[in-house]
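Each of the two complexes below includes chain A, the first together with chain B, the second together with chain C.
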Partner chain A sequence: MENESKTNWWLKAIQTGLIGGIVAVLVSLIGMVESFHERDIIAGQITMGETLLLLIVVSFGYFSSRGTEDTPLSKRLTSGALTSLMIGSLTAGLVLVGKVVNLRKVLVNASPNLYKILTFENENTTTAVIVLLIAGAVIGLLASLVHVIPLIWRRAIISGLTIAALIALLQDLIRITLSRFPAFSESIAWMFGSRGEEGLSVNGALVVFIIVTAINFFSATRGDAVRGRVRALPSGTQTALRWTSWGLLGAFLLIWPQIAGPYLSEVSNSIGLFILMGLGLNIVVGYAGLLDLGYVAFYALGAYTMAVLTTTGGEITANIEWTFWQALPVAVLGAVVAGVVLGIPVLKIRGDYLAIITLGFGEIIRIMFLSDFLKPYLGGSFGIVLIASPTLGSTALKTPQTLYYVILAACLVALFVAYRLRDSRIGRAWKAIREDEDVAQAMGINLTTTKLLAFATGAAFGGLSGAIFASKLSTVYPHSFVLLVSINVLALIIVGGMGSLPGVVVGALLLVGMPELLREFSEFRLLIYGALLIAMMISKPEGFLPEAVHKRELHESDNVSHPAGA
Partner chain B sequence: MPNILTAQTVTKRFGGLTAVNTLSIEIPEKSIYSVIGPNGAGKTTFFNCITGFYQPEEGEIVFNNLSIRGLTSDQISQRGISRTYQNIRLFSNLTALENILVGQHALLKSTLFGSIFGTPATKREEAMAVEESRRLLSFVGLSGKGDFLARNLPYGDQRRLEIARALASKPKMLLLDEPTAGMNPNETEDMTKFIRRLRDELGITILLIEHDMRVVMGISEKITVLDYGEKIAEGTPKDIQGNERVIEAYLGRGSAAQITA
Partner chain C sequence: MRQRFFNRINFTDVALGIIGAGLVGLIVIGSFKTLAEGNYTTRQWLDFVVFGIAQGSIYALIALGYTLVYGILRMINFAHSEVFMGGAFTAYFAADAMAKSGFLKANTFISILILFAVAMATSVLIGVLVERIAYRPLRRAPRLVPLITAIGASFFLQYTFKGLYGSSFKAYPEIAALKGNYTWGDLNITKIQIVVIVSAALLMLGLYLYVQYTKAGKAMRAVSEDKDVAALMGIDVDAIIVRTFVIGAALAGAAGILYALTFRQVNFFMGFGPGIKAFTAAVLGGIGNIPGAMVGGLFLGLFESVGPILFLDGLNVPAPYQLKDVIAFTLLVLVLLFRPSGILGERLSRNKA
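And then the complex of A and B:
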């Protein structure tokens, strides 16, 4: 018995190492390492490509040495070292094979440059292999030693490293943003690599790491005490404190485009439009459990309604030329009507079948906009141009920095509505249908009206988002409304946490914001996306910020506590 | 006592199988009435016909002097029939309190816009609904457990919660499908007392499916026995206990002779 479990653990370590090795080799062969290598995380010291490989070795080493509470250190160390040694040797194998056979004929990314990176620019293959193996084993040992660090410190250090890496990744954005304020010019030079180099400087990395780690450590050790003291304050002070923090958040959101500049504002606007759609789909899927894969239809309808009603382009027969504000309610209403009309035929349909049918609806709407038959009215594949921008008084809100406020307002309204509905009679009926449709009906819930209300409310948010989208681009084309939009919105709800409002915001930031900011790696975007989704489903299937349990038996005051906010 | 529910020659078929066959039943108001029979006798199917889960092919069901045939289950619930399920069917990811709030759905009036704008009427109604839910929680003995997710409650509590949810719609008649299934003798005893309280204190007519004969004989005023979808006996517990066809249905042909001999 003893012997058997012994074989098991080291076999397992090797197995984990094999998987890690395959991941490392794959990531190298698809060109990720090489293209990531062009960016420095810490200027002149370590590149993103190296960080990626390091991350693979460390995380697999850490994972394999996890064991249980009472696993002896020696066993952990051996497991970690074995796993990482495997990764090192597979990578070394790649280098060796690459020296003998020209892999490039089949795998275009197996370039000399890649080998250079993998061998740490060592000309001599033998030395390179030895270095790789030793480096693997040593990193594995270090990774398994992480288990010895107390949990609080471990968390603090990991978050410190993550934030530092994140700042280094987004360095050009931060740099551009800060460079608009001359007062920061010296600290920028100190924090980031000098001109021409990228990433954080050594100083900068250290400062960020130390600050974040310290904050995290203190919030973990002292956080409870502070929170306890806050809770001990008189309720008036507590309310004031809560309102102050909401006020600060509000103020930040208001001045954000001024700090961020046009590019980041543009990214924020895209995120905002997806938050709107996410909130809408969250009502349909997250609250009512009706899996809708054609949600893009409402987005498209909102956009086209806005386009037809406000265009001054003159290529389509409609010559309405309304203003943005006149067209907006019609666009939302149009989406609502479409939500009801598309909802009626699927009332009796459940689960997978519903998903397939709604998927069809989404495509029908898109193809309808594309059709030659409707071309005189909807512009066919040429779309509709010269769509009105929102106006405030006599100024048109055309730039990303001004349009931001329209989107922010829309998001706040949508969040407020979704928040209010969550614990209302209707919201409960939706959740009851999600949990068990038959029983919900037997509890006196009218399935027809309740489901149609969910479709209609969800569609309203989608229509709103689409209408703003059309006026943001000032053009609409059918190809903006492909299935992938529906899938993206669904994915952001799942990543954030089904039915959770903060989850929608976090999901949109992650799945819409990150890819926008890392455009240069866009060829790997879907891969990272997929890997992230798989990792999420395995480790945190309920999402990053799952819907919280709303305590209402013992805490009555919860109803009035916080207004909706991002 | 007038009859609150009358079923006349109700028949429900699934393909070639007749699950309930020309069943007629009369349930007096404020009585405790049991339907018993071997497994597969059609008891739950009959429940499903009453509550609108199934539409019977033939027959008529009259509740409170009005026909409920052809109505959907939400309409029937609004007429005052509520039920529990053989295998507990709570809204498992909602809290216990929310489960009861859902039960009150049809009694509440707040609309989509009322909820969004937080009108005083909506707020007042919501506060009263929460208060009523707390009262029901304590009535079934679950005080303090309202904020637990339904799926995290122990089995016995889930049974109680299901009854509380059914009571939340203020039914005139409650259909209990094997309420003591899976309970030990003590819990069964408690549940029996509790069912009697429902009738005595709230004046609710109880229609019961139950396998535990001690429960059935102890609290029922009248019993109908089903076998292969047909009524084979009807009467007071005493009548049923001595009925030969019933004993045969449960124990097989010839057993009655042995027992009575």
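And then the complex of A and C:
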């Protein structure tokens, strides 16, 4: 890295292109391109699969033509073009090899359909290869030209494109939601592709792009002035303003299931359950720094406690038949006890060992639930059925739209608790442990109780989430409680930013909401999670919405070099 | 004196003592009852033992990869289980092609060597790539960071292989020459088990000699002792780290073939179970310690195959074999609690633990 200037810049461009090409080929061969191809971004014009490939070419071209500030334009253009040409030629290579050898025997996704996409449906291989190479080089040139655009415009345009793509991806939902209101039917028809087609129409895409770009541009140029004026308001007005915006958000959350309809409410419910778990794990991992990979155990315990206490039939009945509200505190308490019991043995264990041992606990719990040993009580692989739903007065909250309120309430309580705990005495003790256990102990923090409290609080949230989950599905099976749940929760708090509460919410929206809404994503969910975890750790270890302390700590070196920096 | 002793005991120690004593008590009572009931013949016990040794030697080979990397980088290479899977899964296609063309039957020995070569080469490629892309940029990061990266790498690799080769189980071809078994009295051992045990033993012997008696091995030990001082002594630390990943991955690839020969089934998720068991084995033996990983692997294999019947059958637990993973993890917990340095480990100093 130090001798960046010494190495040949064009060799470097080719190297970047090689990596990009490998990425493009890999993405094609694992079936992502083909699967994404089924969804249109702009109806009839460009699909998500093509967008993905385009994105690879553009970002690698942009990256390679980055240079320094005084790099001449010609150099930038050549490196961008070289890089993208490499990507194009590697993709072309895949097409050529695929035409000669049948790769499908080994690589299941090297289908004729994939080649069709990669060659832009050109029958003739030679023309296809030429088109691929030219397209690659041209896109690379364009990508390197981006550097010429002033930064403000660049940001505005990128956000415009991103939002347009996002709206196109979520068009199903927007369409379903809006079609409940007849007033919107015409604008829907104009904005989106005709029935049966997906994605935005050309008009719609343009309108969204222009609006978002303009808003972004104005907020970048005039935003400071507006913010300054708000700050100049008397403090009473400012408080009122803040409370109004909170009130608006609250009102929106309250009427959301009515706008959204059953399907979206169901998705919101899953997100809510993961927010609950995320908040719990955030206390253990984010606040106290104890990496717990067996968090699913508490989720499972909460769910099974709820199941055993309220089930009214099926193979396994304990004949307790409590209501949801009677069983809920017991489920949470059960998880807390489990948190303490599992916490005691691992008190002295640190870091990596803790991760493995908690992972082991998670597996032990699942295997126990699955085993014949506990089958008379927990139903083995058949699970427990007919679990009670929450009730309000005499009505059972069974539909997703009503259950939403239970989950919303739970999330708000958990958010409040986590928020108040963060800067409390115990919260500061957790952070001290996270930073340095030995120093924390020397400062008089009782490691035993502090750690156990972290495990217990985290477990309580997990248990709560599990209990609601059980009554939401009204059945529990051991197969719902695999390691992937723990990884999912861990990924969402890391993407959001460890220790950050808004981060948990955003992480859950991104990592749970997106795969639920986009079937193409759910197929590659864990692949994307894996890549995301690596990319986050390398480039942005503090997450998207970082906690202040954490950010400072992970960018210590930056602060040293710019002591006056914000 | 006595007063001081009582003062030093705290809640944690008492709780740990009770948990440990309870588990050990259960194990003793269970074993005693099982043996008293005498439902199993000597022959069956010997079968369990042989199976345990064969299984354990596969664990040991994988565990070596964990231990080598931990010894040098002080991180758990979570993706190591996927290195193991990648080798075995890729070699399946070679095995399948050779079985279909009849080469496997005609030249069994050469075919098996080719399988080993394919698996080890693939594993090495994956291992080196993971090190380069995911771990090297994070050499100086806080310890939680590379661990999370490793988890990410593990899932990324699993689902990449799922995307590349499909999600179905693939059945390894049966090798005619390895069918059948030998019997001496009550001892009954299949040919595959012999192959597994012998090749694992040879590989481990090779590794031991390499690390102890070659210059490169000495450099590896030096880097493991102290990276900065090793660099001052003129050792190229990055090169040694890559070499460590190469060796660990090659052993994992070989373990993958042995596993595939034994169970004759591969799938993108096959790495998870053996991977975590092998890590357990590495901790059992003392992580960072090469003979420790070997002993730990064998010990865990034995424990897992004999344990469920021996400890649980007497306690009238139905289908004790389902709980073999529980036994393995409980063993891990017990070892970490009462002897965190492992069976053969020296006391870990602060910077190692």
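Heads up, the rule we're going with is that the second predicted complex is superposed on the first by the 536 of 566 C-alpha atoms of A that agree within 3 Å, B and C clash if a C-alpha of one lies under 4 Å from a C-alpha of the other, contacts with A are read in each partner's own complex, and residues count from 1 in each chain.
The working rule: a residue touches a chain if its C-beta (ideal position, glycine included) is under 8 Å from a C-beta of that chain, and two chains touch if they have at least 3 such contacts.
Predicted, not measured: the structure shown is a model, and the values here were computed from it.
Using the contact criterion defined above for the overlaid structures, shared-chain residue A:Gln441 touches chain B, although it does not reach chain C.
In the overlay built on the shared chain, the residue A:Pro541 is in contact with chain C alone; chain B does not reach it.
Of the two partner chains, neither chain B nor chain C is touched by A:Gly44. When the shared chain is aligned, chain C comes close enough to touch A:Ala531, but chain B does not. When the two complexes are overlaid on their common chain A, residue A:Ala429 makes contact with chain B while staying clear of chain C. Counting the residues of chain A that each partner touches, chain B and chain C differ, and the larger count belongs to C.
Once the two complexes are overlaid on the shared chain, A:Pro329 sits clear of chain B and of chain C alike.
Overlap of the chain B and chain C contact sets on chain A: residues 554.
Within the complex formed with chain B, the chain A residues making contact are 416-417, 420-421, 424-429, 431-432, 435-436, 438-447, 453, 457, 549-554, 556, 559.
Chain contact summary for the complex, chain B toward chain A: residues 51-53, 72-74, 76-78, 82-83, 85, 89, 91-98, 101-103, 105-108, 110-112, 115-118, 122-123, 126-127, 129-130, 133-134, 137, 144-147, 149, 165, 169.
Across the complex, chain A is touched by residues 10-12, 15-16, 19, 75-76, 93, 133-134, 137-138, 141-149, 151-160, 162-166, 272, 276, 279-280, 283, 317-319, 322-323, 325-326, 329-330, 332-333, 336-337, 340, 353 of chain C.
Interface residues of chain A facing chain C in the complex, by the touch rule stated above, are 26, 29-32, 105-109, 289, 291, 293, 344-345, 347-353, 355-357, 359-361, 363-364, 367-368, 370-373, 375, 448, 483, 487, 490-491, 494, 524, 526-527, 529-534, 537-538, 541, 554.
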